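Structures given as structure tokens follow.
In the two assemblies presented below, subunit A is common to both, partnered first by subunit B and then by subunit C.
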Partner chain A sequence: MDRAAIIGVGMTKIEKRKVGQTFADMAWEAVNKALGDAGMTIDDIDNVVTTSSDFWDGRTISCMAVGDASGAAHKNISCVEGDGTYGAFYGMTRVLSGSYKTTLVTGHTKGSESVSSLITNSAFDPIYERSLGMDMVTACAMQAQSFMHRTKTTSEQMAMVSVKNHDNAFKNPLSQLPLRITVQDVLQSEMIADPLHKLDCSPVSDGCAAVIIAHESVATKFKQQPVWVKGVSFCAGSFFFGDRDLSHARSLTEAAKKAYAMAGIKNPKKEIDVAELYDAFTYQELMWLEEMGLADDATAGKLLEKGEFNIDGRLPVNASGGLLSGHPVIAAGLYSMGAVVRQIRGDAGGFQVKKAKTGLVHGVNGLGGQSHCVFILGKDK
Partner chain B sequence: MSDQFQGIEPMIYQSKINVPYSWWAGDTASKFYIKLRDEKKIMGTKCAACNKVFLPPRKVCPSCFTENTEWVNLSNEGTVLSFTVARRQFAAIPPNKKVPVIWGLIKLDGADTALLHYLDEVTPENVKIGMRVKAVFSDARKGTIRDISHFKPVK
Partner chain C sequence: MAKRVAIVGTGQTFHKSHRPDVNGQELINEAVLRALQDADLKMKDIDAIVIGNMDHFEGINYVDCWSVDGSGGTMKPIIKLTTGGTTGCTVAIGGYHLVGSGMFDRVLIIGWEKNSESDTTGAITTAFDPIWDRLVFAGAISGLAAEAQGYMARYGASDRDGARVSVRDRKHAMNNPHAQLRKEVSLEEVLASPMLADPIHLLDVCPRSDGACAVIMASEDVAEKICPKPDWIWGTAARHSYSYLGDADYGRLTSMREGSQELWKKAGIKEPRKELDVIELYQPYSFGGLIWIEDMGLVGPGEAPRYIWDGNTDMGGELPINPSGGVISCNPIGATGLIRCAEAAMQVMGKAEGRQVPDVNLAFSSGFGGCWWTDMILHGKNKPK
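And now, the complex of A and B:
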């Protein structure tokens, strides 16, 4: 199979409210940063994939709002609704199709400008579920309850994820919410939906991220060192909440297995050097680690206590500060991808980890992780 | 941002998307709701290939990709698989529900999948995974999921 590489990344600072910047303004900033990072001009881009949600943007065909600012004029532009990693997946398949050589993928969200509870409530089935009034927070709280019950993960262990990631955020200037907090601070923060406290939840955020994905034939043509896509997969579980065992994420296990196999990874615990996971809520970091085989079943909490997922630990997880420190919903996976790309290139700055030959990027779409996308990125082709 | 925009007061434009929808429930959900409304009966659909019983009922088995042709009467009682308690009055919570609102994932006896619904007549502190609950039907039933008012603990 032909190969694809990520040859440029650009991200705006994640902020609580980007006053004065429209969706297009954010895209303009992120796209120009990515082009600069790659050493490309907009003329070197032959197609554009935007990742956005019509509901979050409050308009239909939301990709068209950022097309101009993404340099899409007279080019093929297409939109993916879902996490940024799904946009990157589609962008990659385009360069592998033979029709394109360089895809610019963007993802943008302004959580500050709408009401997330109403938007995520609309993800529930309108005939059977929606009128009960659940949303992403209460859905994930229900999943957290189920995960804690099965694995005996404690609230203290979940709080430690928050402490770790908010502390990591001090090392990442793009992060919204660096905090020096203790486990007690998390446990004493407002109970939002049992068992999730306020500091177990990611904040409302605005931001835009862009990545440039190139076919191998042009991947070394520009100034930036390419970071290769070694493996990738995405899988979806059942839509209805009650069809799934909520304490597991079988679709993630499946996606990770396929991505590892494609990348030739036999022992992910040893071979993955650095990971950025979808930590919209604290329990998710622990749960996804287990479901991806990066920790044994029901052990992630204990490994976290030992410091294994710290920035200087066995497997640094969310060294960038993760989504707990800034969560522009749709762009999230592209921020994670940008962080891992920079780790592998060795230019992650303050949150650079020691060894970053192979990295994992994980994105989620749907309620309580209905679907998962896993990328394995590497230094060597 | 460029310097030329320094000092400009950012304006906010208030807007709203307000589009009414009239979805057909489909014949599967229609049958389910008519039984619920008229007879206070909860029914699921069964897959002939894997024998799984689905609630909420649907026409196609998500595992086998075959049509579910059989209907099964389910018990009004079941087990709580998980739950949460909203402590904040989130915007999605219906106006007639005040926090703490408890939702449960309830696996009724006879079903293989669980139903999302409210738990009530119990304090949040007393809700446990594994507890037995029973459906309480609404007095005025209109053919919606809220024809079940909530589930309460089995004494």
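And now, the complex of A and C:
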């Protein structure tokens, strides 16, 4: 197999409500930032993959709104619907298939124009589940209960994820919600769906992110230092909650296992230096860490208490502030990817970690993490 | 190294206007099982799945995740691509890249739609810019009528020329048990059918359909072991040229012109009319069958009506178009582009039964949608260089 590298990243600031920008305006900003970062012009891009969701955008063929702004005129283009990591995956295969050399991948969402509960309710089965009034928050609350019950993870430990990530956000100027809060603040914030308090949940956000993925034959042609895709995999679990053990994410374990194998990683706990995980809710950071083998079963909460996942800890997790500090849904995985790319290049600024030779990026599709995508990125080819 | 890619199996439902007997997952499953059977593979042999439809037709969010009980995607990589009407061709191109990358040996590609559950025009209207376009956009038919009027004004074509294309496709559909509308229509019947948007009569356009299609692609390492005579993918191209209605050149399909020129260049094709053996065109209305084959370079501007009237694109003609009966006979939107791909593959593999064109060496399939967008695939009997 040929190799691919990420040679440019660009992200808008994540904001609560970008009232002055349309989808296209956000895409234009992110794309130009990515081109600038890579030292490229739009003429150096030979194909485009946009990532969007008709549901989140309230538009059929939602990709139509951003094609022009992503510089796709006269170029080959396609659109992935789902998290940005899946868009990046498809963008990567388009250079590995020998068809293209440089894929521009974008992902955008304006949560401010969306009604999240209705949009995620429509991901449930229309006959059996929708009328129960389920949505992403209530689904994840069930999962959180299930995870807490099995692993004895406490509400305090979950709150500590919120405290850590909101504090990390002070070091990331793109982040929406830097907060200096305590565990007590989290526990005393409004109960949204037991056990999830308001500060256990990610905010509603607007943002667009872009990455440029190059075939190895051109990866060093431009000014930016390439960050190599060492391994990648994705996997979906069962749809109906009754068919899954909600306290586990078998599909994540499987995706991570394959991504590690592709990257030649034998001991992920030792070999992964930095990770950006899908922390839409506090418990998820702990649960995903365990399910992808970065912490032993039922230990992530305790390791968190010891500070292992702090910026200066053994494995910095969501040093950028994570999704808890800003969650533009579809773009989320590309923001995580942008953060890890910058860590590996050594230009993450205030949230730079000490050692970042190998990094992990994680994205999620579906309810309660039904489908997971895991990228392993590295400094060396 | 990049891998060459071939289609080794196809399957589709018997498309109908309404399938109240199955839900979406069950509809998908019918196509998947037929494709697996065609390739003599089991679900465990499939390494990854690409799926697509148009969200707002069925109102189901995260279709990749929802579909797994029908698609077989549980504990497999499944990814959703969606680009509007072009979706069916887009997912096929997606499967091509997934296999071509060397990441997967066998990829299952699924397109589906239950249009009976949708307000199609209501959903399509939201594709357009809420400020500038949405208030004046009256659904897909009005946009197509504007294109047809542009073409007629420029080249002096008539609604009789369009009707001739409908007559052809509906006649071809008689040979295809999967087509929804299997009843021949005459020129007079087309012209006498209700006017929907001048010059488009009811019998000039596609119906609404429930249906699914599945295609299995395999890498050169395993393709010929699965299927001795697979359909090799020679190239793909896609152009989604416009975001705004006002930007289109009404009367010409720029995306088809740019994309097909790229494809001919990639494959070394100099005279597509002579070198192609069969075409499955995503042609949702009759006039597209005139305009777009000119943009493909089969004939010169304004020459399509003569070429069609002379029977060149009928079964037995120089270059048969839509032996399946095409989109005018059946349009489960998210599946439609993939049905074109599957039908072209069946022609190359010699599996097209009653609608088989003899000795197919090169075939072309396309998808149409969005704001005058075209996706396309070139299929061949021989392994590409």
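Just so we're on the same page, the second predicted complex is superposed on the first by the 381 of 381 C-alpha atoms of A that agree within 3 Å, B and C clash if a C-alpha of one lies under 4 Å from a C-alpha of the other, contacts with A are read in each partner's own complex, and residues count from 1 in each chain.
Simple rule for what comes next: a residue touches a chain if its C-beta (ideal position, glycine included) is under 8 Å from a C-beta of that chain, and two chains touch if they have at least 3 such contacts.
Model, not experiment: these values are computed from the prediction.
Annotation for subunit A, partner touching more residues between subunit B and subunit C: C.
Residue contacts after overlaying the shared chain place A:24 against subunit C, while subunit B stays out of touching range.
Look at A:170: by the touch rule set out above, it reaches neither subunit B nor subunit C. In the superposition on chain A, A:146 makes contact with subunit B only, while subunit C stays out of contact range.
Of the two partner chains placed by superposition, only subunit B is touched by A:129; subunit C is not.
Using the contact criterion defined above for the overlaid structures, shared-chain residue A:238 touches subunit B and also reaches subunit C. Applying the stated contact rule after C-alpha superposition, one finds that A:94 touches subunit C and leaves subunit B untouched.
Of the two partner chains placed by superposition, only subunit B is touched by A:190; subunit C is not. With the contact threshold set out at the top, residues 58-59, 120, 125-127, 238-240 of subunit A are in contact with subunit B in one structure and with subunit C in the other.
Those residues of subunit A lying in contact with subunit C across their complex are 1-2, 24, 53-55, 58-61, 63-69, 72-82, 86, 89-90, 92-94, 96-99, 119-120, 122-123, 125-127, 233-240, 250-251, 254-255, 365-367, 370-371.
Of all residues in subunit A, only 19-21, 25, 58-59, 115, 117-118, 120-121, 124-129, 131-135, 137-138, 141-146, 149, 190-195, 238-243, 246-247 touch subunit B in the complex they form.
Chain contact summary for the complex, subunit C toward subunit A: residues 1-3, 5, 23, 54-56, 59-69, 73-84, 90, 93-94, 96-103, 123-130, 236-243, 258, 262, 369-371.
Residues 1, 5, 8, 10, 15, 17, 21, 23, 25-26, 29, 54-56, 58, 62, 81-88, 90-94, 97, 101, 103, 105, 107, 113-118, 124, 129, 144-146 of subunit B touch subunit A in their complex.
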